[in-house]
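In this document, chain identifiers A, B and C correspond to the written order of the chains, with residue numbering beginning at 1 in each.
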Amino acid sequence: MSPDDRKYTQEHEWVMVDPAAVGTAIAGITEYAQDQLGDIVFFELPKVGDAVAHLGKMGEVESVKAVSDLFSPINGTVTEINEKLLDHPELVNEDPFGEGWLIKVAMTDVAELDALMSSQDYDAFIAGL
Amino acid sequence: MTATRLNTSGTNGDHFQSHYIPSTVDEQAEMLAALGIDSIDQLFADIPDEFRNPTLDLPAPLSELEIQQELGQMAGKNRPMGSGPSFLGAGAYNHFIPAIVKALITRGEFLTAYTPYQAEASQGTLQVIYEFQTLICNLYDMEVANAGMYDGATSLAEATLMACRVTKREKVALADSISPAYIDVIRTYCQSQDIVVEVVDPTNPSLDGETACLVLQYPNYFGYIEDQQKLVDAAHAQGALAVVSCDPTAMGMLQTPGHYGADIVTGDGQPLGIPASYGGPYVGLFAAKQEFIRQMPSRLSGRTVDKNGKTGYVLTLQTREQHIRRERATSNICTNEALYALASTIYLAAMGKQGMRQVAELCYHKAHYAAAQIGELPGYSLPISGSFFQEFVVQCPTSPTEINKKLMERNILGGLDVSEKVPNGMLLCVTEMNSKEDIDALVAALSEFK
Amino acid sequence: MQQGGNRKTEKLLLQRSVPGRVGVVLPGLDVPTQPMPDDSMLRNELALPELSEPEVVQYFTGLSLKNFSIDTHFYPLGSCTMKYNPKINDEIAFQPGFAGIHPMQPVEQSQGALELLHKLQGFLGEITGLPGISLATLAGAHGELGGMLMIRAHHLANGETGRLKVAIPDSAHGTNPASAAMAGFEVVELASDKDGNVDLDALRSVAGPDLAGVMITLPSTLGLFDTNIVEVCNIVHEAGGLVYGDGANMNALLGRVKLGDLGFDVCHLNLHKTFSTPHGGGGPGAGPVCCTEQLAPYLAAPMVTQNGDAYDLFTPEKSIGKLSGFHGNFGVLVRAYTYIRTLGNAGIKSISGNAVLSANYMMNALRGVYHLPYDRTCMHEAVFSADLQKERGSSGLEIAKRLLDYGFHAPTMYFPMIVHEALMIEPTESETKETIDAFIQALIDIDREVTEDTELVNNAPHTTPVARLDEARAARQIDIDREVTEDTELVNNAPHTTPVARLDEARAARQPDLRWQPETAD
C-alpha cells in the first residue's frame, strides 16, 4: 500500500506538500520504481534554481546495469536537492518515501496536485503492469 | 592410411577436413540425422536461391609448412628496425621490449580470453586492468585512468569529444605542433558532431569563452617541450580544459602533465612493451581528473568484494558505455586493446621505478649527443630552439628523402622527412636501442652531404 | 575452473614492491652525459613498483590462471564467435619482418607488408562481394563509425542535408546506435516481427526523405537469417537511403552468400570474431570496412594500391579522413590473412557449414527444456529464454553463473534486449561434438537443479576464484583519501584456489575504486 499522504504519476514519482514550507512540494520515486531499478548507484539531479516541468525530464538515475530518466511530477523551481544521495544513493532503495526524497520544488500552482493519482489509483495502476 | 592432401582445387567439395574443424563426415551425419535433414546446405534455405552458394575465388589453401615459407618470404621483403641502426620515431618508437612481455601475453589464458563482462570468470583480466589503471595514473600524475583506447590518435580524438561534453562548448583548439595524423583523426571524429576544429599557435594560442579545450602534445610532434604550465593556465583562464597527449617514456624523467594541472591526458602505449608492427595494434592511454569520471569513454575496472568479503574486480560505471546507454553512450568503443594494455602493464612492472628513469635518461643523453654532433656538421643546423627529449629536427643540406635513400644503402634507417614544416627538415629519434656506434655511423653518413 | 599453481595473486604490484629490486637490466650510458633540463622540468616521485623478474612472471602467470579462455574452456558466447585461435597466425605475426617495421618507413622498405594488405583487401572484397576495402579501422565499432561517416558524406555530397535519421532494429548490438549517434545521426528504432525479421511495415513508415539509411546485422543478433532482407534493401534504396551491414555474425555466412549481392552498400567485418584473431581479453581487434565501388571514394585513409609490382598507400579522393594514427591493426590483419590462406574456398565454406550445423544440433537438443522464442532454423547461434526457469524461481543470470561451476563459460546473457531472460549460445565450428554434447547435458542438468535445488543454482558460482562480486560497492565507494597510512594487507590469506562468491556490483558502482593507492583500505 502506497502512502496516502501524497500523490503519484505514471512515471512512478510521488509528490507531497512540504509541511514545513508553504508553496513547496517534496518529490521522489516510489517503492515500485526502486524495486524495478535494482541497486541504485548514482543520481543526476537538477540544480537549485532550475525550472522543472510536469513529466519533463529532470535528471537520470543509474543502477548497476541500467540508466533511467527521472521526470518531474509538477511544474516549478527547484529549491533544494537531497545532498545525502551524492554519497548514499542507496537511501532511495532503502527508504524511497522518506529519507530517499529527491528534490524540493517551489510549485507554480498547488492545484496541479489535484490532477495526479491518489495512492489507491496508483496501487491499482502498478497492479496492472 | 591415405595421405590427407588438402582439397586444393578450391571448388566446393562436400567435405573439407580442416585441422581447425573437428567434425568428421560421420559426426556431421549424426548431427544431420538428429535434425532429420540430409545435408548442411538445407540449413541455409532461408538465403534466396539466386544468391546462395556464390562462387568464391580465393587462392588454394596452404599447409602450415607452406604458410611458414610463403609468409616468411613476404616478411623478408620488409626492413625491420632491429636489422640495422634505426632513427625513426614520429609516433611509433624503437624501444627495448623485455622477453617476458611476449612470453606472458601469449599465454592462452590471456590471449584467448574474451572481454571481461562475466566478472567471476575474468578475474585475471580485470585485475590486470586495475593495475594498468593504477600505473598509468602514477605515470601521468592523474586521478583516474581507463582500460585503454585504440591508440594515441583516437584516444586524443575522444578526449576532445569528452571536453566538449564536459564544458558544453563546441570548439576545440589544437596546437599546430601536434602530430598531423592526430589532427587528421580529430577532424574526422569532429566532422559529424558540429564541433569546430581550430589549429592555434602554442606560443600564443587564441582561445575564448567558446573553446572547450586546448590540445597539446608533450613533447610535441617534433620532440620539443613547450611551456606546459603556461598553456594549461591559458586554457583554464577561458574555462576550457587542458588536454595533453603525452609520451609515456618521457614520463620516466620529465615533469608530469598532472603536475601542471592537465584535465585529460592521453597517449600511445606503444613505447611501453609493444612492437612497432607497421602501425598497430597499439593501446591508447586515457586519464583524467576524478570529477570527469562519468564522461570518460571505455571500460573501467573497479575493486569490490564478493559475498564472502573476498576482494575481487568488476567492470564498473558501465552505464557510460554503449551496451547500456546505446546512442547516449560516452563512446561507441567496445573491443579496445586489452592484450596490449596487459603488455604495457607487464613492461611497467618489470621496468619499474628505476628502469623507466634509466630508459628516459638513456634516450635523453643519446639524443642530445646525436643532435650536438649533427649540429656541428657543415650544411646541417638545428633550427628549432628549446629543450627536447628523444626527438629533434635537423635542417639538412638537401632533401631528407634523398639522404634517407643513401642511408639505407648503409642499412641505416633515417628520420622522417618533415620538409612541409621545416625546409629540408628531418625528424630524428634516438633511443636506448641506438648505441654510440650507431649514432657515430649516422653522423658519418650524414657528413657526406654538404 | 582450473586451480593451478600456488603463487598468490591478491597483493597488487605496488604492495609487493621492495625498494632496490630490479626487473630489467639496461646497458650503461655509452655517450658523454649531456646538460640536463632545469630541475623544474623534471618529475618528482615515480610511483612504479620495484620487483625482480621472477616475481613479475609469477604474478602475471598467477593472474592468467584466474581467467576463462578459449584455450581452457568451451566459451559459447553468442555473437562473439569464440573459435580456436590458430597458433601459426601468432608466429607469423611475430616475425621481425612484420612486427619490427615502422609504419612511416619509405614504402620501398615495406613492400611485403603492403603486398599482404593489398591481397587481404582482395580476399575480404571477394568474401563480402563489396570491392571497396579499408583496413584502417581498429575494431568493429570503429568500422561502424567509419561506415556511417561514409553514408553521411555520400548524402552531403549529393546535397541531401536533411537525411539525418538512421533506423536500427531493436535487437541490435549497442555499438550500432552509439556509432550512428557519433556520426551525427538521430536513431530510430525498428521493431522486429514475430519471426525475428525486420518488420517491413515499420521500415516503410520511416523510409522517407529524411532517412539516411539502416544498420542491419545479418544474421540478426537473434541468430536468424532475415528472410526479407532483399526487400529491406529495396525499400531503403527506393527511399534514397543506404544499407549498412554489421558483419559481426559473418561466421554463419562465409561462402554461403555475399552481402553485396543482397543489396548491402557498406559493412564492417570483425576479424577478431570471424577470422580467428585472438580476443586478448578485450582486443586488439580489427574492423575493416567493405563497400560498393560507388562508396569507395569515401573510405577512411589509407588504402593500399598496386602499380605493376609495387605497392603503395593512398588516400581515396573523397576520404572521410583518417580514423586511426597509422594504417590499421597490422598485427591483427596479418593473422586474418594467414587464416584465409590456410583455408581457401572450401575451408571458408566449411566454417559456416559446421558452425550452423553445430548450433542447430544444440538448439534441437534443448528444445522443450528451455523456451525458444523463435523456433525456426537458426544460423551460427541460438537464442533461448530462461522464462520457464524464471517461473520456478531462477533466472538466466543464475543459470549462466551455475554453468561456471560445470566448467563452461556462460553464454551471452540478457542480449538481445528484446528476448526476456535471453541466453545466446554460439558453439562455433571449432568445438568437438563431445564438448557440445557435454554442454547440452549440463544445461539439462541445471534445469533439473532449478526444480530440485533452486538455492544451489541461485548462489552460483561456487567454484570460481571469486564468487559473485559486489558491483554496487565498486561503483559506490570512491576512495579519495590521500593521506599516507600504514600499508594495509589487502585481503585475508585465503589461498587463491578458494571459490569466490558472487561479486558486489552495486558497491563497485556506488563507490568506484579504480586504482590502488597506498592508503587504500580493504
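By definition in this document, a residue touches a chain if its C-beta (ideal position, glycine included) is under 8 Å from a C-beta of that chain, and two chains touch if they have at least 3 such contacts.
This one's a predicted model, so the numbers in the text were calculated from it and none came from an experiment.
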With chain centres defined as mean CA positions, report which chain is farthest from chain C. A
Is the C-beta contact count larger for A-B or for B-C? B-C
How many angstrom lie between the centres of chain A and chain C, each centre taken as the mean Cα position? 39
Report the inter-centroid distance (CA atoms only) between chain A and chain B in whole Å. 46
Could you give the separation in Å between the centres of chain B and chain C, each centre being the mean of its C-alpha atoms? 18
For chain B, give me the residues that contact two or more of the other chains. 318-319, 324-325, 328
Can you pull out the residues of chain C that are in contact with at least two other chains? 471-472, 475, 505, 508-509
Where chain A touches two or more other chains at once, by residue number: 41-42, 62-65
Applying the document's contact rule, which stretches of chain A touch chain C when the two form their complex? 38-42, 62-65, 89-90
Chain B contacts chain A in the complex at 294, 318-319, 324-325, 328
Quick check on the complex: what are the chain C residues that touch chain A? 471-472, 475-476, 505-506, 508-510
